[in-house]
Amino acid sequence: MQNISSVMPSKSISLEEFRALTRRLSNWGKWGKEDQLGTLNYITPESVRAAAKEVKDGKVFSLAIPLDAKGPQRGVAGRFNPMLLMTRDGGDAITGAYQKDWLGGAEKETRSTDEVIIMPTQGGTHWDSLAHIIHRDVMYNGRSASEVSSTGAKKNGILASREKSVGRGVLLDIPRLRNKGWLSPGEGITSGWLEEATEKQAVKIRQGDIVLVRTGHLAAVQKRGEWADYAGGDQPGLSIDALDWIAKNKVAAVGTDTWGLEVQPFEVKEIHIPFHVLAIVYMGLTLGEMFDLEALARDCAADARYSFFLAAQPLPFTKGVASPINPIAIK
Amino acid sequence: MQNISSVMPSKSISLEEFRALTRRLSNWGKWGKEDQLGTLNYITPESVRAAAKEVKDGKVFSLAIPLDAKGPQRGVAGRFNPMLLMTRDGGDAITGAYQKDWLGGAEKETRSTDEVIIMPTQGGTHWDSLAHIIHRDVMYNGRSASEVSSTGAKKNGILASREKSVGRGVLLDIPRLRNKGWLSPGEGITSGWLEEATEKQAVKIRQGDIVLVRTGHLAAVQKRGEWADYAGGDQPGLSIDALDWIAKNKVAAVGTDTWGLEVQPFEVKEIHIPFHVLAIVYMGLTLGEMFDLEALARDCAADARYSFFLAAQPLPFTKGVASPINPIAIK
Amino acid sequence: MQNISSVMPSKSISLEEFRALTRRLSNWGKWGKEDQLGTLNYITPESVRAAAKEVKDGKVFSLAIPLDAKGPQRGVAGRFNPMLLMTRDGGDAITGAYQKDWLGGAEKETRSTDEVIIMPTQGGTHWDSLAHIIHRDVMYNGRSASEVSSTGAKKNGILASREKSVGRGVLLDIPRLRNKGWLSPGEGITSGWLEEATEKQAVKIRQGDIVLVRTGHLAAVQKRGEWADYAGGDQPGLSIDALDWIAKNKVAAVGTDTWGLEVQPFEVKEIHIPFHVLAIVYMGLTLGEMFDLEALARDCAADARYSFFLAAQPLPFTKGVASPINPIAIK
Amino acid sequence: MQNISSVMPSKSISLEEFRALTRRLSNWGKWGKEDQLGTLNYITPESVRAAAKEVKDGKVFSLAIPLDAKGPQRGVAGRFNPMLLMTRDGGDAITGAYQKDWLGGAEKETRSTDEVIIMPTQGGTHWDSLAHIIHRDVMYNGRSASEVSSTGAKKNGILASREKSVGRGVLLDIPRLRNKGWLSPGEGITSGWLEEATEKQAVKIRQGDIVLVRTGHLAAVQKRGEWADYAGGDQPGLSIDALDWIAKNKVAAVGTDTWGLEVQPFEVKEIHIPFHVLAIVYMGLTLGEMFDLEALARDCAADARYSFFLAAQPLPFTKGVASPINPIAIK
C-alpha cells in the first residue's frame, strides 16, 4: 500500500457519492431479517477464544473516563454530566438520622449508604447501539424509526449486545504514526492511515476485532487541563474513507477517544454526522466514543504489542439506545 | 472435611461472638493505611493471566438481569426500577420535530436517538463498594463515615476498583449440591457447604478468585414468573460461618443470585445485615448482588467445569458507593 | 329542573353520539386561531376582581395532597411518587463535610441545605394543560400532535396559563347532596346533578368560575388509611353528560378529588378517557385532578357558603404539558 | 427620616456585631417551641381579608421566571436548569407507538402526553423554607441540623407554609427611587432605603405584608439578553441593615429579583451568606429569590399603587427545604 506522508484534510464527499455508499456498504439482511447485532456478529466463540490468548502479562487497563459531575459534557445535544445523589450517607449514620429514617428507631449499629444516578447514557465512555441513528425514518436492517418511541427502542437496542462486546481489541495509534501528540480538529483518518498503522505497529487485523483508534484528542484535554470544547465541536476522527477498510477487515466495532468518533467538520455537506449514518444505519457497525486510550497507548508503545483482550460489555438496559461502559483491556 | 448431608438452619450468633469476629476477620491495615480495595488486592497480574486460561470454548455468559422498568425492585430500602427517558426518539424523526428541535430547521436526513437513565446504582446486578457499609461510624480500614457525604464517597468508593474486578470466576452451585431447584429463605450457606461444593464440583479455589454462589433464589422467580418479594424479604444466602472459608481461600469478591447476598432472617439478633458488616467493613470484601447465574449454572453442570474468566468491572463513578454491572463469564 | 332522587349508573354513549359531541362542544377558533387557553379565556380582569370579594373571613385552605414518597401513585400510566434527593443536608453540616465539599475547607459557620426533585408533573394535585390529550393526531384548536415532541409542547402547554388559573371557585359537594360519605366507582355526575347541587347549596355559577366537584373518593382513602387503587382504577367522576352544563355556564376549569376526574368505567366503549377528549381537545377545558377538598367541604357545609377566591396557578414550565399545583381557596 | 441621596457601599459588619445581631433579631420561642413558621405567623385571617381588598382592577401578574432548560442556572451551588423529559408525546401518537406501548395494541383514538421533571427546588423562582439554612449545627427555633437528613427536613420544612404564603404584597422599587435601571453588584439596600421607598411610593407597610424588593438585577439580564453570571456572582441586594426595618414592620416574608437576595460581596467577612443566617435561622424569616418583578413594577409605576394581593403558595413537598413557586400578584 501507499504511505501517506503528510496530513490530509478530511475529504469532501458529494451527496451522490454518499447515496452510493449507503448501498455499497449496506449489511441489511446479511445476518437475516431479524438481526439486531450487525457487525458484532463477527464476534464468535472462536474469535473470543483466540482473543483470550492475547492475555500475556495480566495487565489491566480501564478505558473509561470517570463518570464525574465536572466533565466532559457542556450541554451540547442536551447532554449533561452524571448526577450522583445520595439517598443514605455517612452524615445520616453519624447524626443518628439513619436509625430513625430506615430502622424505625431501633438501636442498631449498622448503617448503609446508597445513591441514585441520573445521566445520559451517552454522557461518558459508551457504545451507541444500532438504534441510535435513523436515516430518513429507517434504522439498521430496514426497521422503521417508529420502533424507537418514548418508551425506548423495541428493536436494535443495546440489550441485544449484552454478550457480544468482548473479544480481541487492537489499538491503532494515529498520532504516534505521525510523530505528534494528537491530531487536529478536521483531520480525517482514512483507510490508508489505518492500514499504515497496522503495518508500522506490526499488528494484523482479524475478523471480529474491536478496533480502537487513538486520535490523541483526549491527550490534548489532559495536557491543557480542561475539557473546554471536547464534548461537541470540531474534532479529528474517522473519515468516511475508513469504512472500506473497516468493512474489508470485518471489524466488529470501532471506538475512539473523541466525543463524536467521526471527523468534524463533516465530510458530506448536506448530511449531519454522515459517518454515523453509513456505519450504524447501513453497516450495522457499533460505535464507541470517549474511550480513554492514553495509558493503554503508552503501554503498547513500550512493548510494541497493540493487541489485547477487550471486555467492553454494555449494561443491559431494556430498550436502551446506548450504554455507558467501562471497557477493560487486558494484555 | 465433613460432609453436611442435610439442610441446616441458619445459625444464631451472639453479639459477643459477632464482636470477636470483627477482630478476627479484620483486614484493616493489611494492605496499608491508604488501601481502598481490601480483598480485591488478591487479584494480581499473575491471577489475571492465569484466569485467561479458563477461556476454552469462547462461550460468553452475561450474568446481569436486565435493567428494566418492570423489576425487580418494589420500594424496599428506597430502591426503584430504572427509568429510561428518551430525549430524542423515532417519533421526533418521523414527525419532523427532530429537525426543528435539534437542527434549527435545516433540511437534513439524519436523526439520532438519545436517553437519560435514572436509577439507584444498587437497583439491579451490582457491586457494593467498601463505602456501602458503615459500622458504628466507621468504614473499611478504619475510615470515618464522614468521608461519605451528600456529594458521595471520598474514600472506599467504587472508582478504586475500576481495574480490579476481573479475574478467575468460580461458580458454586449449592442447590445442585442438594439436588433441588433452590434453597429456601432462611437457609444459610456455611463454610462447610462451600467446601463441599468445591469437592463435588472438582474445582479448586485459588487466591484472587471471584466466587459466585448460586442459591437458586432467582430460578424460583423465573419459575413462578413474578418478582414478588425477591427484592427485600427473607432469602437464602451466605452464612456468617462462610466468612472463614472465604478468608482462608483469599477470595477477592463474592456474588450471589439474591437481592441481599446474606441469609435472612439475619444471624445476629442485635445487628442489621451482620454478614455485610463483617465482610465489607472488617474484611474489605467486595460483595455482588442479583447475579443471574442460571444459564451459566446449566452450562457448568453440562460440562462439569465450574471455573471461567470473569469480567465484572464497575462503571467508574467518581465518589460512587456502588455500580450496576454486566458481569461477563467466559468459558 | 328535575331532581334526581337516586343514584344513576353512568350512561353508555355510542361512538356516533361521541362524534356528534366533538362537533357540538367544540370551541376551536372561538378565541382565534392562535388561542392556547380555551375556556380559561372566560377568566377576565372583571371576573378576578369580583372573585376577590369572596374573601370574607380570610380563611385559607390548601387543596393539594402532599407531594410525598409514599403516595398516591402506584405505577399506573408510568406515574411514580416524587423523589426528593438532598444535595446538601444537616449531616454534612454536623460532620464538617459541607465545609470541605462546598466552601473549599474555609472555616465558616454557615451551612445550607438543598435538594433535587424528580417527579411526574401529573403525580399529585395538578392541572392538565391543553397539550395533554390528543385525539386522532390533533390537539385543541386543531393543532397537530407533532407540536408535542420529546422536548415538550410547543403549543397548548401549561406556560400559557401562568396568569389564568386564579378567580372565583365554587365547590359542588355531590356526596353531601346524596347524604353519603362518597360516591362509588362507576357513579357518573351529570349536568342534572351539578345543577341540583347549585340549587341545594344556593350558589350561582358565573362565567369564569373554576368549579371543584367533590366525589368523596379521597375521603374514602382517608377513612381506610391507604391509597390502594386510588391512583388508577374504577372511580366516580364527571359524566360526559356534565359537559353541557359546564359549557352552558361558561366554566373556566374543572377539578375533582379523584385521580382521573371522569367516571370510570368509561362511558364510550370504543374510546379511552372520552370525557378528557371532549373536554380538553374539543372544548379546550382545563382539567384538575387529585384536589383535596375535604377541609374546604367541611367549612362550606358549616357556613353554607360554597364560593371562594381560588389561586391555582401552575408552575411556568416552558413546554410542559401539566403542572403540579397547590390550589389555595380563600373564604 | 433622613433621605439618602447617594448610593452607599454595603456596610462591613464585624463578627462581634454579627453575634450581637443573632441575639437581638432572634424570634426563637416567640411563637412557641413547636413553631415552624417564624414570621409567616404575622399572616392572619385578618391580614388576608384585608389583603383581598387590594384587588381593584383584576389585573394578574405572574412573578415567576419560566422553568426553562436554558437558564438561569449555570452550575453554581450544584444547581442546574429544569429537565423536562417526555414519557408520552405526540410522536408516539402519530407513529402508533402509543397504542402499542400503553393500550396493549387496542384500536383507540385517544392519546395522552406525560412528562417527568427533574430540577433543584431552588433552581428558579422559589421560597427557601426555614430548613434551608443552618448556623453552627442549629436551625430556626433552636432545632438541630440533624433534623435535615438525606430523606429531607423533618422540621422547619416547606410543607408547614402551604397555607401561609398568601396575603398583601408590597413592591419597593429601589432603582426607580434612585432614577436608574438597576442597582450594581455590591450595592446593599438598607433600612433607610426601604423606608425612603415607602415614603416616595406612598405605601404603608402593615404587619403580615410580603415585601418584594426590586433591585433591577433581572432587568439588566433582560436588557443584555443573556443570563451570564446572574445565578451566582456579585449582586445588589438586601443589606443586613435592612433587617431592623423588616423586624420593626413585622414583615412576613421578603423576596427579590436576584439569585441570592442579599448583597454580595457579603457584609461579614468571616460569615458566608450572613443575611440568610440572621434572617432564616434567627428571625425565622422566609426568603424568596428570582422573582420577576419587571411587569409588575411597570404597572405600579404607571398607577402609583405599589400594594396588591399576593398568592405565592409553595408546592407541599413533604420534608422539602424549598419550593419552586409561581407567585401571582393581583391588583
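Should a chain be cited, it is by its letter among A, B, C and D, assigned in written order, with residues numbered from 1 in that chain.
Heads up, the rule we're going with is that a residue touches a chain if its C-beta (ideal position, glycine included) is under 8 Å from a C-beta of that chain, and two chains touch if they have at least 3 such contacts.
Here the structure is a predicted model, which means the values were calculated and not measured.
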Superposition of chain C upon chain D: rotation angle, C-alpha, nearest 5 degrees: 180
Contact-richer chain pair (by C-beta pairs counted) among A-B and A-D: A-B
Distance from the mean Cα position of chain B to that of chain A, given in whole angstrom: 26
Rounded Å distance, chain A centre to chain D centre (Cα mean): 45
Residue list for chain A, restricted to those that touch at least two other chains: 69, 78, 83, 86-95, 97, 116, 118, 144-146, 149-151
Residue ranges of chain D touching chain A (in the complex, touch as defined): 69, 78, 80, 83, 86-89, 91-92, 95-98, 100-101, 118, 144-146, 149-151
Of all residues in chain B, those that touch chain A in their complex: 44-53, 55-62, 64-69, 77-79, 82, 84, 86-91, 93-94, 102-103, 108-122, 131-137, 139, 144-153, 159, 162-164, 166, 270-274, 276-277, 309, 311, 313-322, 324-326, 328, 330
Interface residues, chain D side, partner chain B - complex: 83, 85-87, 89-92, 94-95, 97, 116, 118, 150
